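What follows is a short report on a single structure.
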Amino acid sequence: MNILAFGEVMMRLMPPDYKLLSQSDSLNFLYTGTGVNILSGLYKMGNTVYLATSLPSNNVGYAAAANLRKLGINDNYILYKNQHIGIYFLEMGIGDRPSRVTYMNRKDSSFANSNIEDYEIEKMLEGKSCIHLCGISLAINENIRNLVYTLAKKAKEKNIKVIFDCNFRESLWKEEEKIKAKEEYEKILKLSDIVFAGEKDGELLLGIEAPEELKGNDKTKFILNSMRKLYGIEIMVGTKRRNDGKKQFLQGYLLDNEDFILSKEYELTIYDRVGAGDGFAAGAIHGILNGFDKKEAIEFATCSGVLAHTTYGDSPVLGVEDIKRFMNNKHVDLIR
Amino acid sequence: MNILAFGEVMMRLMPPDYKLLSQSDSLNFLYTGTGVNILSGLYKMGNTVYLATSLPSNNVGYAAAANLRKLGINDNYILYKNQHIGIYFLEMGIGDRPSRVTYMNRKDSSFANSNIEDYEIEKMLEGKSCIHLCGISLAINENIRNLVYTLAKKAKEKNIKVIFDCNFRESLWKEEEKIKAKEEYEKILKLSDIVFAGEKDGELLLGIEAPEELKGNDKTKFILNSMRKLYGIEIMVGTKRRNDGKKQFLQGYLLDNEDFILSKEYELTIYDRVGAGDGFAAGAIHGILNGFDKKEAIEFATCSGVLAHTTYGDSPVLGVEDIKRFMNNKHVDLIR
Amino acid sequence: MNILAFGEVMMRLMPPDYKLLSQSDSLNFLYTGTGVNILSGLYKMGNTVYLATSLPSNNVGYAAAANLRKLGINDNYILYKNQHIGIYFLEMGIGDRPSRVTYMNRKDSSFANSNIEDYEIEKMLEGKSCIHLCGISLAINENIRNLVYTLAKKAKEKNIKVIFDCNFRESLWKEEEKIKAKEEYEKILKLSDIVFAGEKDGELLLGIEAPEELKGNDKTKFILNSMRKLYGIEIMVGTKRRNDGKKQFLQGYLLDNEDFILSKEYELTIYDRVGAGDGFAAGAIHGILNGFDKKEAIEFATCSGVLAHTTYGDSPVLGVEDIKRFMNNKHVDLIR
Amino acid sequence: MNILAFGEVMMRLMPPDYKLLSQSDSLNFLYTGTGVNILSGLYKMGNTVYLATSLPSNNVGYAAAANLRKLGINDNYILYKNQHIGIYFLEMGIGDRPSRVTYMNRKDSSFANSNIEDYEIEKMLEGKSCIHLCGISLAINENIRNLVYTLAKKAKEKNIKVIFDCNFRESLWKEEEKIKAKEEYEKILKLSDIVFAGEKDGELLLGIEAPEELKGNDKTKFILNSMRKLYGIEIMVGTKRRNDGKKQFLQGYLLDNEDFILSKEYELTIYDRVGAGDGFAAGAIHGILNGFDKKEAIEFATCSGVLAHTTYGDSPVLGVEDIKRFMNNKHVDLIR
Amino acid sequence: MNILAFGEVMMRLMPPDYKLLSQSDSLNFLYTGTGVNILSGLYKMGNTVYLATSLPSNNVGYAAAANLRKLGINDNYILYKNQHIGIYFLEMGIGDRPSRVTYMNRKDSSFANSNIEDYEIEKMLEGKSCIHLCGISLAINENIRNLVYTLAKKAKEKNIKVIFDCNFRESLWKEEEKIKAKEEYEKILKLSDIVFAGEKDGELLLGIEAPEELKGNDKTKFILNSMRKLYGIEIMVGTKRRNDGKKQFLQGYLLDNEDFILSKEYELTIYDRVGAGDGFAAGAIHGILNGFDKKEAIEFATCSGVLAHTTYGDSPVLGVEDIKRFMNNKHVDLIR
Amino acid sequence: MNILAFGEVMMRLMPPDYKLLSQSDSLNFLYTGTGVNILSGLYKMGNTVYLATSLPSNNVGYAAAANLRKLGINDNYILYKNQHIGIYFLEMGIGDRPSRVTYMNRKDSSFANSNIEDYEIEKMLEGKSCIHLCGISLAINENIRNLVYTLAKKAKEKNIKVIFDCNFRESLWKEEEKIKAKEEYEKILKLSDIVFAGEKDGELLLGIEAPEELKGNDKTKFILNSMRKLYGIEIMVGTKRRNDGKKQFLQGYLLDNEDFILSKEYELTIYDRVGAGDGFAAGAIHGILNGFDKKEAIEFATCSGVLAHTTYGDSPVLGVEDIKRFMNNKHVDLIR
């Protein structure tokens, strides 16, 4: 499969050994972003993947592209212009101490300042099976919102599947633009074939209300199904996190016009929390696009998400064989 | 609050990656000590903190001071004389393998060789709300015992609260001086307002016996209350550790002339064990000095102690917001 | 005790911080092998230990010898010839992600190409209490099989105890040589006094079948006892691993002509999985050779194995005092 | 001496081992800035130093302050507001490959967005002997220019010496603001007592022209003297760099109404190039303020600058004793 | 330009900080090879580059490919088969201590065991301007020699320029195959357009003798010109190293049917010696293919080689702008 | 040759990357001492080497022994008693900034507190060709002086060569003991066969005066010859350092009853300065004991010393082949 994603690339800087920033004088770094992460996972699963984005035209930007190539991402559609990249500092937590992300300079990045005419959209879409877009892009500015919308529309016209990850984070929206959020999301949802969403996207963002008597999975199903019908979406997928004292659990679901299917619930071992959701998404996209049956697709996706908590970095890096071994539930300590 | 502590500064040297000394050729280092750790925590909670101590007058000592300043500790009352600093090697354990501390050269340190006339005691006490003293200092030598006693007495005269952490470690006392330990402790306890102590301090050190029928918390309460009355202490605080197979738990208590209050018992995730008790102490001092109600104070202190197990180094580095978030019991994985 | 082992030395290369090879640009390395690991453990338990092997005559081989000496292993019987050493890459797993070993160049190593006449066998055996041999050597080639057989025979003649670790790994045998495996093992087993083996060695390799109605430990006992009688072995030892969701357990057993003794079952904390079995073996050999009673020997061996999961590297590095403290079951966090 | 500086704090991120950004996955970091560097040097020389600046009110900003305290800088006048800090990446060069600096996000920093009313100017100036201001601040924006001007004026009124480092870097000025640069500089120069400047500041920025027949030091003297007289400056100082094949040299000069004094010319060994000029400046300020005779002051300053090329980081960290030992020209390899 | 190289990929493992293998427990690693290095340089100079090779079909091989992509090399023509990769250990020298390379397992690598039918040669050559081949491949085995010959012949037929780097290293040839070396080289030289060679290749390998009276550059010119005429080569290029006490120098030359042109001689600063010759070669190929005039081409190539001594790793990583800045001889310390 | 040395083992702790202690939070460490270093060099040159010393009986001491074994030193004569080890911090200099050593706790080490009856002297001397003693031991205390004297006397009686390195460092002698220094040195010198000494040892320590008209090497020769005759020494060796601007040079000399031989003078490249003198000494001892002719011996020794400046750590780690290659003056960049 040839898959294109459009989205921001950020630099992640993390002190080693669970230290706080004030305890360290070195940082491990990598390049990340929803698009980056999903493509990284899809590459390891055997797909051909392309990222469209804009990076600064300096050594920071060139190093970003080099690292994306290392992850298996084709860099033909990357622009180099402007001087900045979004940066985030991650102070990794452990036990009862949460991980903490501090963002720097996201609104002023090369990506945020790129324009529709910078991109060769026709060329980017040529020969692709699907395009991945992300709600985080909608929060950035009018410019990027236009770009996302144009890409979705053009893809739709060309029969390229549109995959949209709602990923609504209220804090990323400027106060004065928040009122537009619903409208902007709806424009994209109407063009989307496969949508990643949770209850809260339906409730908080789109104002969908479930009857009060519905609880738990019934409520989730109701809200997602409402979204599906409202916007004409083919497949909706997502995960639920649950915690019980010191234990944490993950469960995936998939909904289409016939079924609402839940995966098994898995207890998590968390080594690197950030980006684990993108491990789920990569698994789901891979399963759906490659014709896994629905039950298998959601189980595969969830296992991919579970394992993404155990690998360094935001970007999933395990292949189909590793995920299926875990999914088929043979406990293995050591492979040699 | 302006808080002064008096105590030894040590250098901690630790091989990385849970290695033993014989498996490594590098060491991570930091500067620590009961006083250092308590002040570090109190600084992060918003107080102004000062350490009185003596460091070697060479680059090892100057680096120590630089690191104390980094922790937020004011270095105006630090002396530089002599050539040595106490050093300890920490081989960090994991699972069923305990952490191991090997001390070097503690009796010959700059601190152990500092004298009462080296310090400008009047200046040090000026404008302080309280002074923190520690039982470990009593074990060092006659010299330091005199210093501790003088500081406690002068503070008392000036209406500065005296906080004393019993911290009785038999192994630190020279055999021939051990007989003096009880007497020396009693001199300080009589001058103290707030005392950190456990059952064993009462029993082993001070010879207080509880009626045989008293068990568990009843026994703890009896012993602490006896101490309180015997020495005219205002508030007594401390923690209990419990382990159950692979799980470990921490619970704090606070006793005054009205109440014996227990915090919730928390299961621990241990990343860096050493100094975690000082995290509790910093929380307790902050709560008590800043007028938290007693129940809140002991819960806050215990949460501070629990979280101190999850941060690198001996010195607590989390602020009030982080501790209160955990105390209010909303599980959070990731803050962004 | 003077103990000789004969076996391959490998170089282990591991990316730090649970990273995959493709995520790192540095590797931690050490030298390992069944013989190396067992001797390392036995040295720490107070024995005098010697390795007979062949290393490349270049800086890689000399560095290997230097590291063996650091582990306490006498290098007097090490040859330096040829140019290569077996290398394996370890990508350390965590949680549900297994550790992965990738072997390089094992068949072409200096060791695999060493010949019987390269070694001064008489000198090597002089003054030794026992010799340790390993089934992995049998898989390498005809050459090494001859060497192992000669060593076992000569040792037997000199009343030196022969210890043999079955360690049958089908994947290490070339397809065309696999048919010889049983025969080759039987030649050594008949010369062995103490044998490390599990059910699978008896069943898969030697074709021993237990009556169907025997299950669990009864089956294990039957198979091992059959082996013992068939080959005239004095003592048989081994471990069982069990996993239950995210928890893993280890239990040791010892069988001789009188008893089948099981140790307690211990829940594991796994920090470094590879080589932990050799920690058990070192403990068992130490206990048996030094006259521990059988119950104590197998408990000690199992505790040594449990703790070997908590130390960095393949080679066990804890002494008798550390193992006995854990065995006597006093939970300790911190030793100072 | 009590010395205040006002200026931006930046974060410097550098790959280890002379690697390019694209060759590394870790970065060493520290906090820097002209003001930071000068104060760091002055602290090591025995002065009491304060920085007035604005840092982001998040863990990046708090870590910055912690690191400034470690350098000996008093953080009482530091504001915490906004979210960003200026960042620069340093790819360290060697031999014929120059070091390369890539700036990120400087115009949007907490400092650039701080306003005159955020600072308690009266309090900041209280009890100070001098204030250090820097031409780089003038390039940032109108806001910061006002702040610099206000500080200089208030200091002048209070008889606090104004030290100004021209540090004109054309590339930092927005095209449309460049026309103002001369005027802005002149406003500050007229209020300054001690000025760091070179020929180029006089020529390019201020339009001073030397008679064509003047060459080398004569020309330098002419231009600096013109500046001195034009703006009523007491003392002007600066350095000249010269390179000859692979060798590089540094020479300092000092000019007042009586003399133009040159230091010896020193061949440089360059380990960490960035910030070495600030090592010179710290030395010059220390010498002048502490009443060194002029010849000694400029020699001391130049030696401080030479040695600043040999220490890690932008901030000078050597004391008077180290600088004087070098100045007195006894070659020493090793001090013990 | 679209450029294809065919050659071995090796893994380089190096202890940090100029340590010997026996002094370290960690290694920095990267992937290298003549083809890899030349393509890395050509990519940075703006060309599109492809490597044809065979890597092991395991995580070591996949990590190799990831790192090649990071260098900008297209991995479409890389095979994954077999299990081994050539490894070399580099103990970096300094001053009078030479760097030392220890090879492991080169003859048994995936590449050495790849066959002509494994490669899709037609597809590999499609659309390429030139192909790069290397004498080191000729030393490996008959198999690889056939592959090199076939590639050269097919390229010639398709009018694709053949670039051949003699790179004769006697020690790489098996004793019994050495007699074939001349013949094998001649087969390739006759098909080559651009050849990298030095005097020794002509003399030792091909038996060309210069008249005794010719010395220095005259002798070089004579030998190269003889080669040029003998094999019908278009352009010959190479470098000479000279050392004078502690100083080392590099000078490049280019010879065609009209001219023998020498670059300036440059004094070297050596940070990472291995692969610096490939920096020269990449520069030469870039200059020649992109139509630089001959004088400029050889100066550019030599400057590229000089700078390749200053960057980490075997693979050149500087672009045209960096090389031209140095070539135009403006000394620059710091770019910002 | 079987060689025994007696002397202190110290731990060296060094911040990485030329940082000062206050700039780092990690330290590289190793174990060193004059005896350790000389034996390390002699082992690499092919001798069998033993150290007699006392180490703390804790993990710091055991790790020291493990590291000595790694260097090739036999640990059979090492005692484990007491708790401390001498530690020194090394802040590595570069260019005009000298390296700085800060000692900790040397007088209270396990070694300093070991007594004559702790050592099995007869056993230690059995089968040895020579014993190495060092003037630094004489400075420690009466105890150790007795030990050195006893060892020298017993060795003399058994016809074991006594090698003594004067190594007089005034700062190591307590003020009140300094008056004894001459007498103590003389006691050992009279028992010594081979002595390492310089002009200053003769002048400052022993009060030997050369006629005023003697300069340079004539003066050196006079003083050393006086020592030789006065104390009945067979061979005297030593080095001279010279510096000329940024360049530094080393030259060795050897004097016996026939000749005063000077080696060539070598320009140094200094990577790790400390211990380089011991590289010279190891080379000299090896040459003399193994019957090199005198000219070759002193050239070999000097080359060993020159190269010891280029290797990490205090202990020389190069073998005869490496030293002879350099001595035979073929410049080599890279060995493969």
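All chains are identified by letter, namely A, B, C, D, E and F, in their written order; residue positions are counted from 1 within each chain.
Going forward, a contact is a pair of C-beta atoms (placed from the backbone, for glycine too) under 8 Å apart; a residue touches a chain by one contact, two chains touch by 3 or more.
What you see is a predicted model; the values in this text were computed from it and never measured.
Under the contact definition, chain C and chain E share the contacting chains A, B, D, F. Note on B-D: across the candidates C-E, C-D or C-F, the interface recurring with over half of the contact pairs conserved by residue number is C-F. Among the pairs C-F and A-B, the greater number of C-beta contacts is found at A-B. Computed from the mean C-alpha positions, the centre of chain A lies at a distance of 45 Å from the centre of chain D.
Centre-to-centre, using mean CA coordinates, chain A is 63 Å away from chain F.
Of all residues in chain B, those touching 2 or more other chains are 16, 20, 22-23, 25, 28, 66-67, 70, 100, 103, 270, listed in ascending order.
Residues of chain D touching chain B in their complex: 66-67, 69-72. In the complex of the two chains, the chain E residues touching chain F come out as 17-20, 22-23, 88, 93-101, 103, 169, 171, 241, 243, 245-246, 248, 270, 273-274. Chain B meets chain E in the complex at residues 23-25. Put simply, chain D touches chain F in their complex at residues 16, 28, 70, 266-271, 306-307, 309-313, 317-318, 322, 325-326, 331-336. The residues of chain E lying in touch with chain C in their complex are 13, 16, 20-22, 25-30, 58-60, 62-63, 66-67, 83-85, 87, 89, 91, 100, 102-105, 108.
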